[in-house]
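For reference, the structure is listed below as structure tokens.
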Amino acid sequence: MTARAAEPSPAALADEAVREILRTQWAGEPAVRLDSPPGAGKTRVVEYLAVQALARLGERCMVVTQTNEQAFDVGRRLAQGFPNLPFALFIRKDLVAPEDVTALPNLQLARADGDLPAGPCVVIANAWKWSWVVDGHVAPFDCQVIDEAYQLPDYRFHQIAGLATRVVLVGDPGQIAPVVTCEIERWKCDPTGPHVACPRALIERHAGVRRLTLPVSRRLVSDTVDFIQPAFYPELPFTALSAQGERGLRVRVGGAMPVDAAIDLAARGASLVEVELPGLITGEVDEQLADTVVTLIVRLLQRRAEVYDGDTERPIEAGMIGVVCAHVSQVNAIRERLPLELADVLVETADRFQGLERPVMLVHHPLSGRADASVFHLDAGRLCVMASRHRVVCFLVSRAGIEDLLLRYAPSGDRVLGLDEDAEFNGWHAHLTVARRLRERERVVRLARMTA
Amino acid sequence: MAGELDLVARLLAYEGGRAVSIATHRLMAIRPDALVLCPLAMAGEDTTVHIVAVGAIGRPPEIYCVADPRVRDEQYELFAWLGARIERHFETCRRAGEYPQIWVSSGAVADHLDTLADRQRYNRENAAVKRFGELLSYQTERYPVDGQQALITATGALRMHWATGQQPGEDEHLGTLLAWIEPPRNTNILDAVALAERVPMGVKTDPEFDRDVLEPRVAAYNQARRGGARAVELRQRAGLIQQALEPVVRSIYDGTQRAIRILSRMGLPELPALRNLEERERDEFESFMASRDAGYHLPLVDKPRPAAFKLTAREDAADNFEAAVLCGDGVGRARARLAGHTVYGQVENPRRTRLSPHRFRYRFDLVSRQRVLRVRRRDELASLGDPRLRVTVANVHREGAVTRISAIITHGQQAVGLPASGTTLELAKTVPDWDRLIRTRKQLRQRLVATPWTHDEQGTAPAVTRARRPPRDPLAEVEALR
Amino acid sequence: MITARLARLRGSLLAEEPGARGLERVARNPGCQRLRALTMIGVTPATAMKTVYKEPDREGQSPFALAAGNRFERAVFENGAARLLELYRSAGRLTTAECKIVVVPELAPGATAATMARRRAETERLFQHKVRRDPRAPNIIVKARIPVALLGVPHDTEPDVLVAADSDAFYGPVEVKSYPDRAGKTNAADIRSACRQAAVAVIGLRHAVEQLRLGDPRQLVPAAADLVLRRPGSFRPTLRPMTLAGEVHSLERALDEAPRNLEELEALIDAITPGASLDEAEVLDAVPPNYVEACREHCALAPKCKQAAAACGDPVLIGSQAREELAAAGSLGRAVDLLRGRAQPRTAEERALQARLQQSLGEYRQAVGHGR
Amino acid sequence: MAQRPDRIRARLAASLEKQRELLDAFQGLLKDPEADAAAIDQAQRQLTRMAAEHTQLLTEWRLARAHVAEPSSPYAGLVGQRPMREQVLDILEELGVPASPRVISEIAVARYGRPLPASRFASLRRDEERAFRKDSLSRPAWVVPAITAQGLTAIPRIVSSSAWPVERRLIGARTLRANHLRTLLALLSMHERSQRAGSPRATSHLESMILGFAQTVPGAIEPGARPEYARIAEAARAELAHIEETDLEERRTAARRLERLPEPHRLWGQPAVIQGRRASGRRLG
């Protein structure tokens, strides 16, 4: 036990990692790639980098997000978190900004190159907006911080890379790859191709670029990390910030409905629970499964479930629950069933859930109800996003037979010449790892055929 | 659900034993002066053409055959012969300010032409063959771009307009596709398809045919050639080879012509955006030829800068073509509605609120009963009826089967006006924007003048100019600023 | 004895040596019992099509393709495999001094069983040299002979080339194929079959390492190989290193499951006609296939399975998506009846399916503007 | 291919007879309501194939008749030339190292203007061995196979001369490469001689051979530049210097073993023996 005491706590580890990143900017490191597991405080690091650049280094810092919504979000967090510092949000001429954003006194809205501050500053915009800046109209920046950099394909990074002297790419390597809608056969074999996520392309071109990682997830509890890390981040070891048993679910009222067994299992400390319906091939929309998801939410509220986190305790409300699906049709099937009082439950696809979190998550398992897997459904990034959004507990709702389906699966074996990566196999393997672990650790609650 | 309409169409085709139409508009141009091009390669020889049939729409083909395409000089003669025809076609198009269109039977042929172009445009031995490769590159470089009109595969064109009752992969065989579209009388459709499947329709002959017929003839020819046989004998032996191959290539040529005939006779109106797609094609062709005249090199591997240009153009084309079909074609629109790519519903509660003495806000609710919707708060949508009307979504609210979308008008309140209560309206996220590519290219040219070190493989990171001593705890210092 | 059990199942059919191509087939469609059965008893789908179903096999290669393949192979191996050496040298994988080449068939020419045994023995000897870091160990072994066990029965494979620098701990396989290397445009099916055959070689090497107790098989033989393909329109080779974790894994899984599959197969056949064998069409028919879109690429029986699928209106006939979406209805006929409203849904799933199909039909009809 | 017209006519007649039978069978199938569609299909295919065969036979027949009419056929045989074995030995002498039939045949093109058919090497080897066993002294040199340094067995695909010292006929692990380089050097000197002799056809043929060999020698050819023969020779010698010694050593060691064998084995390799316990290789079962 004495040896243990010498090890730094996860919180200390997390803070030291942040310090190291902040120091790279004092050292003038031209490029840094920061890889982060889910919920390790990526956006917080982006904020720190921006604030340090402005207030401590006296520099011009540009923050790059992927979407307008993310730009608003970063703007909001910075302006509220540092009310004494000025920030600028750089957006399209005719874009309507949310009222709470326009109301922030220390957040300036800039719509044209000329509106941008001349001296030290922090300017937030999405990558698209940055790519329209005309050289010479805007003073060069010292530092460029890209949030969710793994969502930015290299050809779009190329267009903005020259706007600042230094660049920091912050992102999660385990999530869904950027979507390129057109044919890419010309570039497929090229590990620095225009379609490749920019942090990967940068390292391919310049192996010497400084690489750092965030070693601690603030969001996920250690029970979840045990599932997620080996399955999705074999090369990025990380731990959980919260100590065992520090965070969890509690119920005030007992229950005897079939789904209650899953809630009870969660209340006993399981942060990942699979709720398994009898095997059936349903195609994309599984009405019974959608009913089960809604029933589970209803039961959580009826049984007055609470989440505790250290010393705080909160009864679960609709707004604290999220539901994530692979397909929009599944999202709609669940939304359709949610009663009015549950309108605050966020139901979205995995793509839209990237970067978000909720204390309680319900996942429509992507392989559920299928006769055969497919590359889309096997995508490791998708399952990873789905199973890493919860702070406290995640219920994976599925149909029985997923492990069988995986073992029967005939991989298409579509490989790219000369690239080591085999996304199909990685996804398959990650799925199987998670499924097996759930079974081995007795995290599966089987429901008999319900009449909903 | 993605593709559910197409699933139902396949089900209907299966039920009826014949293909069903899945377009209300013709989605690609049929240039009256287009060339129909049917090459056959020798198996295992990826850059050869053994025989080729080429001709205009509705006309019989000209045919050129070589005895053995592995004999380089013979092969080059064929390429030069074909190159001359392509050159003539390109010249005519250029003079008329038009673009050249080539039809082939299927994707396999397009791939083969691509291999040929990629290889022969770097030919250092024969200028005519090099030119052939360069010209062909126009078609093959355009082919992966959505909405292009330069290289059309008959299977691709038919598949946009018809759904069959077989697997999508099986539709790549032109013969089976034609059997579904015009099934022979008094025959079970599956038998007809199985029969059609055996007739080669791509770029290669049947292995059995190669073994039994072609190989002995080619071997005999080669033996005679090596033994120094007289010209008359060689001619006769070459003639035997052509005799064997010609029926094969003719049936592919006829199949391709039949596909064009079917598409023309469907009598569908053209997709409104076809005008823009053709305009884009003319521009692309003009710039391609100007670039050839200037002696620019066509690369096989792209550096980051040209790659950025090409990928951007392809993405723009993909978005525009998808939006064009969604807006302009009835089935395209139905597909989008089912998949939730458009919002379709009744207007309720249109209202105008005064923000200041001279400023108003126009808003309305759209009530939809679509099962699947992709619309979210703060999405920007345009009306398909009149794209000048644009809105931002203020809220989305679902109650059971009904979704209520509150929209604020951002553009078109004057030109189009507030929609009346009870009218139906259909909104979509993207409508085609045909000038966007021009703007984007201008922006790219400007942004990519200099290659940043991050995108230059040889480039090195700039030296650290200003290393400063960090504070003892940089994190605490930042936190202190809260 | 396994061989006797297999012979019984084979009946009058003759066993064929499957080679790497035949062995990799077991992992192509793990859900297809028919394909697994044939692979286990050592009969190719093409032979089954010809001898069991008496239908002409339309697979087969064109003599031109065969000739091109042979010419390419000759170009790679002639003059002391000069081109291959050059390829590895310019990739920095072998130095000028690392030019030791052994052509196993030249050590044991001929085609008799004894010759083949000698080739295996020579191969083993070379492996032992390598593991002992003997300076005589060659850098390139052409056509080594390595057995791969399926159901405990060894089947010989001949990886085109094995390669190792002097400093490497062991050999890695090289698959030489005359497929044109068109970078990102390379035919996907070509890459697939080259990778899978190379995976057979990985498994063969691991078996050898294990049998000869040369060390830890997974460590000495990582799941990786080089593909040597052809530059389009020439006989110049290209070098493409590939990792094969997925391919090796799926193959290992299929081989591991073979014993269980054999028992299932025997039970199945005994349930139909005790003592029957797979050389009868009715018996083979009774072994369930798993007809999917990818079957046409690798299996000569695909047309037969398609006919069977047509006979029972299997939704896969109109595509994989239909197989998923129409599962509730079970067959195309039933799906059409639901679509047309001619049948009453029997389950909640059917009801939901009917509603979705009919909604799509409604939109479709409205779009094309007539009441089909 | 040039056959006698009467023989072709006989083949044609036989083929027509078979076609007739097929047609009868086909008719029967069409009348039979029970007939299998696959069987009809099969008959149809066979008929198509026969028709193709007829076309070809007819052309053959026409061509053959033309040949008969004109006896001065361009198909000159090898009559009047030196025996193949001597040509092979000559070429080997010039090369100085064992070579594949393909390389020998190519050099024959440069020297004699026509290739030595690679297909005849196998029978040449058999003839040589037979003659040797009959009377081993009947000829001064034999065309013999190269021998593996490892097992001292014959490599029929590589040809050498019995007149050479033993170690030169042996093939060790590095010898294939070393001989590639030596062959290249030999080609270079042949090229020089033929240039001096003013024989342009041979010179250009040798040039293309040299290019093929030199392509895989590092530093021999500057990409995009015209080949320089001095540079090629230098590069080949440089690489050879790297491996020559170890190669020779391996062969000399083997040569000492080979010299202990009886004479026929010294020339034709010792018979393949199955070594050791692992010979069966059937241990996995």
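We just call them A, B, C and D in the order they show up, numbering each chain from 1.
One rule holds in what follows: a contact is a pair of C-beta atoms (placed from the backbone, for glycine too) under 8 Å apart; a residue touches a chain by one contact, two chains touch by 3 or more.
Since the structure is predicted, the reported quantities are computational estimates derived from the model, not experimental observations.
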- Query: Computing the C-alpha centre of each chain, which chain sits at the greatest distance from chain D?
  - Reply: A
- Task: Please compute the C-alpha centroid of chain C, do the same for chain D, then give the distance between them in whole Å.
- Result: 33
- Query: CA centre of chain A versus CA centre of chain C: separation in Å?
  - Reply: 38
- Message: So the centre of each chain is just the mean of its C-alpha atoms; given that, what is the distance between chain B and chain D in Å?
- Response: 49
- Query: How many angstrom between the C-alpha centroids of chain D and chain A?
  - Reply: 64
- Contacts with two or more other chains, residues of chain A listed in rising order: 184-187, 190, 283-285
- Item | Junction residues of chain B, two or more chains touched | 1, 301, 371
- Hunt down the residues of chain C that sit against at least two other chains at once, touch-wise. 183, 185, 320, 325-326, 356
- Task: Please list, in label order, each pair of chains that touches.
- Result: A-B, A-C, B-C, B-D, C-D
- Query: Once bound in the complex, which stretches of chain B touch chain A?
  - Reply: 1-2, 144-146, 301-302, 304-305, 307-308, 310-312, 314-315, 317-319, 339-340, 371-374, 376, 378, 392, 397-401, 408, 410-411, 443-444, 446-450, 452-457, 461-462, 464-471, 473-475, 477-478, 481-482
- The answer for chain C against chain B in the complex is residues 58-69, 178, 180, 182-183, 185, 230, 232-233, 293, 296, 303, 310, 316-322, 325-326, 332, 335-336, 339, 356-357, 359-361, 363-364, 366-369, 372
- Given the complex, residues on chain B that touch chain D span 191, 195, 212-213, 216-217, 220, 223-224, 227-230, 232-233, 236-237, 239-240, 243-244
- Quick one: in the complex, what on chain B touches chain C? 1, 3-5, 7-15, 20-22, 24, 42-47, 111, 114-115, 118-119, 165-169, 190, 194, 198, 204-208, 210-211, 214-215, 218, 301, 330-331, 333-334, 337-338, 371
- Item | In the complex with chain C, residue positions of chain A that touch it | 184-190, 280-285, 287-288, 370-372, 374, 407-418, 420, 422, 424-425, 428-429
